[in-house]
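Below: a set of structures, written as structure tokens.
Look at the two complexes coming up: subunit A is in both, with subunit B in one and subunit C in the other.
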Partner chain A sequence: MDASSLPSTKGKPIGNRSKIVKRYLNLAYVMPALLLFILFSLLPIFRTVQYSFTNFNGVNPNYQFVGFKNYAMAITDTRWWEAVGNGVIFALLSLVFMNTIALLLSVAANSNIRGGKFYRVVFYIPPILSGIVVGYIWKWIYEPKGLLNGVLRDIGLDQFTHVWLGSIDTALYAVAVSSMWQGVGGSFILFLAGLQGIPKDLYEAASIDGASRSQQLRYITIPSLRKVYTLVNILTILGALGIFNHVYAMTMGGPGYATEVPALRIYREAFTNSDFGMANAFSLIFGIMLFVLSLIQLKLSQKKD
Partner chain B sequence: MQSKGTLFFKGITHLSLIVWTVISIFPLVWMVSTSLKQRNEIFTNRSLIPNNAFNIENYKDAWFQGNFNVYTFNSVLYSVIVVVCVVLFASLASYAIARLDMAGKKVIYLGFMATLMIPIPGAFISIYLVVSNLGLANTRIGYILPLIAAALPVSIFILKTFFDEMSRELEEAAIIDGATSFQIYYRLMLPIARPALATIVILNTLSVWNEFMLALVLFSENRLMPIQMGLSVFVGQYTTQYELLMAASTIMVLPVVLVYIAMQKQFIQGITSGAIKG
Partner chain C sequence: MKQLNRVTWRVFIISIILLIGLTGCGGNSKDMTSNEKPTKENTSQDNTNTTSDTKDVKLVFWHYLNDRHDLLKEMAVDFEQKTGIQVDIQLFGGDGFKQKIMASAQNNALPDVMTFAGGAGDLGQLVESGNVMELSDMKDIFGKFPSTILKTFTYDEGNIFGVKKLGTYALPMDTNNIQFVYNTKLFEKAGIASAPTTWDEFLADVDKLKVAGIVPFATGIGSWVAGSLAAPYEIAYLGEEKLVNVKKGQEPLMDSGYLNVLKRFEDLYKHGAFAEGIATMDLPTAEQMFVNEEVAMIYDGSWAIGVFNQMNPNFTQYDVFQPPKPADATHDVKIPGGIGVPLVLNQHTEHKEAAMQFVRFLVEKEQQQKYASKSFNLPANMEAATSEGGMTPALRNFSLGMNHIIENGGTYPAPSVETVLQKGIQLIAIGQSTPDQVLKEMDTELQKALKEKKE
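Now for the complex of A and B:
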């Protein structure tokens, strides 16, 4: 054993020194993780900031700094704000429809019902699929000569058949349906976890006092779920605004720009227009927007407590 | 005794759960059904039963002509390498952060966690630039390394939380027996952390298997592409070969769903702890 383990006072300074050396030697444990993290997570963030002030085209190393020009162009770009608007529509639809369905289903599955576990397993199948596969499956359902129109025709509702993904008035909602179909399970699982954390005797006491089911839902269940609700809302908003795979698979932003979303615009700005300066400016503006949005959500939920 | 109100409530509850079960599964059933139909049949036969239920031609075509043998191999390779590296690097790092006296460990941990809380949806653009600056665009390693880096923060968070909750008694006994810190990591901490490691394996295998965006910007050669990109082979600008697209989709979805059903408890735990991260 080394000197540090000897109980003599003389040994102490040596012990301290070896301790200090050890403090630094122990960094070897985090090195592989840290190096990869710095190189492929932190450096890209700095690059995003740096390139957002340039006219870099992705290839030519002789790019110039252009100051805030990209940002000025970005915030006055109506097509960009329309893409953000589409993301906001996805988010609102998901908050209203997807999360309401998820909440109701979680209350149902939590009510001591036979097969509750089965439902939990089944409802979580869509979320484990990739957005690309889900997008293609729904694209196939929405095909002009596909299942949806076929069934409408079969039951005599010809007037409702539609070029779902090809017309401006329905494309956005058709994509939203596919992403919400996939997303219900995720919110459901989180709500269910929240419900299972509510003590059962609260309900027993309430029913002894004569509270009806809907009163119990309103005065016990929903208030107890506030924390989970905030989490689910944040995840829903971030997910909806950041949507890419579904749109890529189903419409590529079309018809026109009717289903263009921020991530797709950023992608096209870089890889179709070769304007990495603009792409990074959009990316940073969008990142800040999302960050501020989740902060606001968190603050709002803390205020209520 | 059950009142009419309770019975009504129970009925509604059952009905809504059954309806959503059908909605959840139907698109997948339709996918499998289409994959077994013939090309001239897919637009006319709207029943779930194909004219010839044992028609596996589409699978053969997707696998050999559509090169899904290559894409599946690539995806398995990427998943295995990424997950092994993440388990190794994340467990080493979180053990040191949770248990060892280490310089700057607070800053390091905060750094990892900060990227979890700040979403950068366009990060793939600058990851692409960093990777191509290193001369690694359109290479396997150039795809694998950023995926490992992206998976580390959540994995470190899960493992560090697990190590924090562990009692120190066993370790202290091992230290008295003269074990080095690495021996403690390897012989003691890793085996005990098995449940947390299982969560990490599942979470990351699924996210690599489903990854699309980074592959889209990094790969230009088909022989390197993972399955999610392979699908686009069947999608043309004017016509899409849906029977092949659905066969290929089934090939990628089936293993995921089977593993999920076999290990659904760990799966759901993994995904929820991945979601709750912040």
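Now for the complex of A and C:
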């Protein structure tokens, strides 16, 4: 079929009315989703911004506009930046350890090992558990007379028993371990999906050329997973910086401020100190930080391409 | 493409500026989703929208009392048999109950009746926002309770919480106080004949327990208990009047004698009194350790008797002593206490009469006696409290402590000062901070809070 066989529209006006009807019909189809988006995404953001400029206590509708006071206090709050620092530590640990383990597990699960499908299911169970439940279970594991210390004593390693959550030296890392234990499955699934998109003949060709498994990992797998890695990194950073459930269940930010994280601080401002204005200011500052971090990562990843 | 990017960024920046400008104009106005906006649940002060057919009435009752859930359900069944009014007893255990109440208040989703978790300042917020009912319609039963107890949630003219809607907003379902509870068997094993009455005796007993290989003490220092443990010593060193003034900012915190309060925690740390993991320990964990006889002492409320019974009904070898007075303290020690569980009614309940009827039922003598004997909590109803029977020896000793409760411990201008105190105590308890450092941090936070309040 070529252009000459099409009916000629020369001289005939294009159906404007039908175009308009079509446009409104398309709008009607997306309207429900758009309404939900406005109601549950845009409106809460609008409210967050609004309350951040007020002294709203969460209950009393008679609040006052306080300008940028909440932001000034948030930016000069040293405890807040310490909490952000703790969040950064969580993020770094997750990026290095959690994602490395997830990558190795996904490579193993993707190879034709026995029980590969079983492992795929098992590794994905932790992410679907409730964070609070996971936190409480790990809290029990870490108790002075809990499972971890008990195992260490049983195998003759008494000298390594420790007050894992009650010591400022280990509390943060102990919480990080529980968080990474739960998070590794999410990264694992994404890496696995990425691996399954790599053509098998690349590996075959490499094998023929005499490349070892570690060389194949280094020169084929990792470069091919670059885009997946960017996504996983962004999600890992966002998840680690936004950690809340584990800290709430295990330490409530203690001992002292050793495990204080931004989300917990925001929660405390809102529900303990009844200062929703301040909590919303912290939320916005935090949200902007996460947004900028994600942008930087995307740009860096695009540059490499 | 570059042009398009530039345009996109300009539109984005202008949108942000507009958004900030628009939302900044949102002050001094009532929130559009406030409780004053007509809603299905929103009723007038004189709620006449009550149904006379009690068979259709179903009240919703929220509480956080894990150990009393079955008892409350039993009482609800009794109430239904008596009146025909159903009550749905819903338990929300854990430390997040206050937050749940506050969040529900925002959404006008409070139940008909609830126990309240929080202080008078917290309830004051709900009072000012019109969420809770003033109880002068139930004035006829006020005389059943000790007046000091009822005062806790009564807002008079010039009250320190700034509540303008004066009146009484909660009735006590029980009373409580917080003291030291000790294991009599472990004390005997360590060669301690009786409970300590002075701070020096207390430290000596801690040493004896350690020598006997017994962990001396645990409590929920990882949570709100830290501040409660400091309270008796705040009174002992400063006295109620000075403490109130210091917290209000009318007298300086530094050099007020408050340092001595924090030094008591340092004493306990230096004598190795605390159980492992104390800095992040919550009260339920400490209670479990006490019932398992892993620690000799716990600082806990009178409600703990019921908790211990639930954990292990065979564990009865414990008794109670008041916080021992330090030799250098100039005032008597007093203990935190008052209303244990406040009962609060939703201002917007559709079943006002039924809700009040249920509350009257819960606080009448017969129910209070049943409540005390089955839950091991101190009854609020004076007739029930002074009647014979229904209390174990430990509970009776707790009850005697009601004569020594702190009447007015003052309130800081912002809860953040309490947070600094709590965190500071956690760090002192593990030797990671000193009383001087914590006091300085408290003073900094207090000055910041006072400055904010002035503005």
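Remarks
The rule we apply is simple: the second predicted complex is superposed on the first by the 266 of 305 C-alpha atoms of A that agree within 3 Å, B and C clash if a C-alpha of one lies under 4 Å from a C-alpha of the other, contacts with A are read in each partner's own complex, and residues count from 1 in each chain.
By definition in this document, a contact is a pair of C-beta atoms (placed from the backbone, for glycine too) under 8 Å apart; a residue touches a chain by one contact, two chains touch by 3 or more.
Everything quoted here is computed from the prediction, not taken from an experiment.
Once the complexes are laid over each other on subunit A, subunit B and subunit C cannot both fit and instead clash. With both structures placed on the common chain, the touch criterion links A:Asn280 to subunit B but leaves subunit C unconnected.
Counted by residues of subunit A touched, the larger count belongs to B, out of subunit B and subunit C.
Of the two partner chains placed around the shared chain by superposition, subunit C is the only one that A:Leu165 touches, whereas subunit B remains out of contact. Once chain A of one complex is fitted onto chain A of the other, the partner contacts of A:Pro255 are limited to subunit C, with no touch recorded for subunit B. Touch criterion met: A:Leu235 reaches subunit B, while subunit C stays clear of it.
Once the two complexes are laid over each other on the shared chain, residue contacts for A:Arg268 go to subunit C alone; subunit B is not touched. Contacts of A:Leu290 after superposition: subunit B is touched, whereas subunit C is not reached.
Contacts of A:Gly67 after superposition: subunit C is touched, whereas subunit B is not reached. The clash between subunit B and subunit C in the superposition falls on 235-243, which is one of the stretches 73-81, 235-243 or 253-261. Common to the subunit B-facing and subunit C-facing surfaces of subunit A are residues 58, 143, 145, 271. Across the complex, subunit A meets subunit C through its residues 46, 49-50, 53-54, 56-67, 69, 143-145, 163, 165-168, 171, 250-257, 268, 271-275. Residues of subunit C that touch subunit A in their complex: 19-20, 23-28, 30-31, 34-36, 98-99, 102-103, 105-106, 122, 125-126, 128-129, 131, 222-223, 275-282, 285, 294, 414-416, 419, 423-424, 426-427, 430, 432-433, 455.
If you check the complex, the residues on subunit B that touch subunit A are 5-6, 9-10, 13-14, 16-17, 20-21, 23-25, 27-28, 30-31, 34, 43, 46, 88-90, 92-93, 95-97, 100-105, 108, 111-112, 115, 117-131, 145-146, 148-150, 152-153, 156, 178, 181, 185, 206, 209-210, 212-213, 216-217, 228, 231, 235, 240, 242, 245-246, 249, 252-253, 256-257, 260-261, 264, 267-268, 271-272, 275-276, 278.
Residues of subunit A that touch subunit B in their complex: 1, 19, 22-24, 26-27, 29-30, 32-34, 36-37, 39-45, 47-48, 51, 58, 101, 104-105, 108-109, 111, 113, 115, 119-134, 136-141, 143, 145-147, 150-151, 154, 181, 184-186, 189-190, 193, 212-213, 231, 234-235, 238, 241-242, 244-245, 248-249, 262-263, 266-267, 270-271, 276, 279-280, 282-284, 286-287, 290-291, 294.
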